Amino acid sequence: MHPADVMIKVMASQIKDGEVFLHGLASPMPALAMFLAKLTHAPNMVYLAVAEGIDPDPEKFKLYPSSADPRHAAGCIGIGELAEAFDLAAKGKVDGMFLGGAQIDKHANINLTCIGSYNKPKVKLPGGAAAAYLSPIVKKLILWTTNHSKRTFVEKLDFKTGIGYEKGKDKKVVVISNMAVFEAEERGLRLISVHPGFSIDDVLSEMSFEPVVDGYTTTQPPSDEEMKIIQKLDPENVRYLEFKK
Amino acid sequence: MHPADVMIKVMASQIKDGEVFLHGLASPMPALAMFLAKLTHAPNMVYLAVAEGIDPDPEKFKLYPSSADPRHAAGCIGIGELAEAFDLAAKGKVDGMFLGGAQIDKHANINLTCIGSYNKPKVKLPGGAAAAYLSPIVKKLILWTTNHSKRTFVEKLDFKTGIGYEKGKDKKVVVISNMAVFEAEERGLRLISVHPGFSIDDVLSEMSFEPVVDGYTTTQPPSDEEMKIIQKLDPENVRYLEFKK
Amino acid sequence: MKDKLVDLDAAVDLVRSGDTLTFSGVSMVRKPMAFIAKLIQSGKKDFTIIDREPGMDFDILVAAGCVKCARAAMVGFELFGLAPNVRKAVQEGEIQFIEETCGAVVNGLRAGAMGLPFLPVKGIIGTDLVELHEKLGNWKIINDPFGGGEIVAVKAIVPDVAVIHVQKADRYGNASLEGSRFEDVYKAKAAKKLIITAEEMVPSDYFKENPERNTIPYCYTTAVVHVPEGAYPTACPNYYPPDYEEVLRYLKMCREGKVKEYIDEFIRRW
Amino acid sequence: MKDKLVDLDAAVDLVRSGDTLTFSGVSMVRKPMAFIAKLIQSGKKDFTIIDREPGMDFDILVAAGCVKCARAAMVGFELFGLAPNVRKAVQEGEIQFIEETCGAVVNGLRAGAMGLPFLPVKGIIGTDLVELHEKLGNWKIINDPFGGGEIVAVKAIVPDVAVIHVQKADRYGNASLEGSRFEDVYKAKAAKKLIITAEEMVPSDYFKENPERNTIPYCYTTAVVHVPEGAYPTACPNYYPPDYEEVLRYLKMCREGKVKEYIDEFIRRW
């Protein structure tokens, strides 16, 4: 099974019925996860996205390489300006947001800005998008990386673009890599589960810091029924592109 | 000739072609003046109003007692939320606004709030509407009163709801009463013209302060052609209602 | 989407005595009069009501004794004169009245809608409104942090309940405002609870076919009520104009000391 | 209403070297690519370009050497990878790049649109972006005057020119955005000059019949240009999707060091 599908299943399982979730650009897996949740356990979740369709019709949906592709809004019930989603977030009414992370530290803080120094970067990354704005104000922050490695899970970020764990806040931070699932705690990043096909050594040897390990499970992959849903939404496997970079 | 029609003509003459003008509630004369200007010397003026139609079609217009009557927006080119007109004003892009004044002082400051003290008023007036907000930020403030009297032109306002003359600002303040026209200057309210049918004594004896008088003319009433336009826009003479209060 | 269609009584149940309320429309346009009738009937009271330029909605609520505090930039009946019951209640000290100015109400509601603690607003400085609102804690003159000098900051207005009368809605609470919108979208988004009263119910396909029509999406809506002529005697654009005769009849009855009779009649209508 | 219909060259004449520019759309959607081609051809340069989440528009302007400073929350080609020319120019210190965050760009543009000197914006505090922007004078941490603690104030963004590609416009500059609007209405209202490029010209009756369609009324518009396929190869909703193959061809040519050839071809298209 492709790690993308496992990750989609984990992302979907973060969404409870009735919650408001948002995804941004370059987010094929979050888009599919939101539909998967809506079509299974969370029919009343509110789907907000960078293509600005509120609750697009999954029957009319097909995944394309740009998350803002206007076809991603097909069959929506209304136009939901991203600005409006940001306002909802400011009011504490966005339950969850998905963000990538080029670098992730043990507190689940993220860097999406640059490798090296800001003023003279070795690599200028695409940028944080909504990370700095949303990461402190959503209730669930779902971070993902398709590159579980020491370069991703770093001791120290080159730039702090987004904020992960915050003590005392009603905020859950989940980190989903192509190998494992973590949740941010005061002690650090706690391993929740390891994806089928990977060992704990695979996971730990590719991190620059030690996560908290005190019991973990095997990540639940999507069922056959769920795979059918994912495949129907993304018949051309656009979701796997992210892994080829 | 009814003073309303003279006042409408004076109001219309304040509007230059291409300017952006706005009127609010309880504003039959300003509404008619804006159309009169648009149909004569200012075809490209931008018509914004509390009924929220941008440039309503004068052919479809008929005046009703509420300025917000949705029929006042008939044939408009777009919906112009009043909030948007306020934003334009904040950007210095509203050239003119019409405001009534229950009390007007010699600096053309106005009171629309209360007669007597604010906390225990003798008369609670309808309120200043946009006066406090717009009076300091528009370029032309057109004040009107249908009650040229000592009670209107007062030495001291009971409450300062709106700001008239402001030294050094690119702001013209015109006061149009049922008897005369004034413009606010540093020296005070300067008499510009007296309406046909009234004498300078009529004007001065009904004011609690002395305006600046150093040459004035007779107010130009609407021409027959202009009266036809006004009459067509307001066949039921709604504009005269304001004078019966 | 969940079914949110209820009747007026169930919608009124969402309001508690002492709540801060705001209503759609201005003056004689798109005021949720049917809801207000039922609200008066419910016996709830001590409301703070806030709006830019209300009219009969405020006046009749004050006449019915439901109001503790009214906050507005203008309340009246335009050419038909002052709001008789608001005027009387204020002059006799029965209610607190807070004089607003349009730009500040608008930006206060926008701050509420945007989830911001406050918004700056231009103008105003130099009027007597500033002292009034600074005392009440609604406004504060601050310095523009970027050197532009003094400006008024308006505290976010977050009503407990907004009641918005719209032309069309579906049973899930998607709503379409046609023509003048006033601040109704901001009110809807600023309030903690949103009650939609709709002239006409439409299937959700009405919005799916043309999502631009959806001016207030369901995720803001607490309850939706089907109330044809629900704004009467105020206007509902594309459906009916203001009934000026009925408004004049109300004012005449107020003048004649018969406002309680009018209110009884008004409640019975719904 | 005055006739504002001009050709692309005349619209480009409204831009001066050194201007701050903003463009419609995000990523691969509704970017005013035809205008950008002509802008590159004009030889004007030293632009500051600002947007929430641009893509090929920023990348090709940087590749053409027109840009002094780029300010955005994200620039890239999503699954197709980084913006090669922006990346290179930033890494080699050829342009200044200011990392933004979406909420701040949006509220900065809204402040511009609302005529306010600044707007508050939540979040952000605790990230490394704060120091960066405080130094540049774009943001300042202030205290909520109503006791809510620290919050970021974003200085109004007032571009010299906004170029907005829309689906439909009339020759007077009334414009209709269909589907996703992004911040384009705010951009249009914030800018000192507004250039509309339109997929299709419609008579003004199109708006009069249904004034809700008029998302950018003529009073904001400086000039309007009829440019069918004017967003190509990015999408224009209801007209065409993004041409992913063409975007990939651009990226391939960039990789192969043939970006100048692509630009020549891109200009010749218009």
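Letters are used for the chains, namely A, B, C and D, taken in the order the chains are written, and counting of residues starts over at 1 for each.
Just so we're on the same page, a residue touches a chain if its C-beta (ideal position, glycine included) is under 8 Å from a C-beta of that chain, and two chains touch if they have at least 3 such contacts.
All of these numbers come straight from a predicted model, not from anything done at the bench.
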Subunit D and subunit B - chains in contact with each: C
Remotest chain, subunit C as reference, centres from CA atoms: A
Separation of subunit C from subunit D, taking each centre as the mean of its C-alpha atoms, in whole Å: 37
Centre-to-centre distance between subunit B and subunit A (centres being mean Cα positions), rounded to whole Å: 57
Centre distance in Å when subunit A and subunit D are each reduced to the mean of their C-alpha atoms: 27
Contacts with two or more other chains, residues of subunit C listed in rising order: 114-116, 121-122, 179, 211-212
Contacts with 2+ other chains: residues of subunit A: 53, 73, 79, 89-90
Overall pattern in which the protein chains touch one another (line/ring/star/complete/other): other
Each pair of chains that touches, named by its two labels: A-C, A-D, B-C, B-D, C-D
Touch list for subunit D against partner subunit A, complex: 26-29, 52-53, 72-76, 78-83, 86-87, 90-91, 93, 97, 99-104, 106, 110, 121-129, 132, 179-183, 186, 235, 237-238, 241-242, 244
Subunit D contact footprint on subunit B (complex, rising order): 20, 44, 46, 53-55, 57, 73, 75-80, 84, 87-93
Sites on subunit B touched by subunit C in the complex: 24-26, 28, 50-53, 64-71, 73, 79, 81-83, 86, 89-90, 112-114, 118, 120-137, 159-163, 238, 241-242, 245
Residue ranges of subunit D touching subunit C (in the complex, touch as defined): 107, 114-122, 137, 140, 142, 144-146, 148, 151, 153, 155, 178-179, 211-213
Complex contact set, residues of subunit D against subunit B: 1-2, 113-116, 174, 189, 204, 207-208, 211-212, 214, 217-219
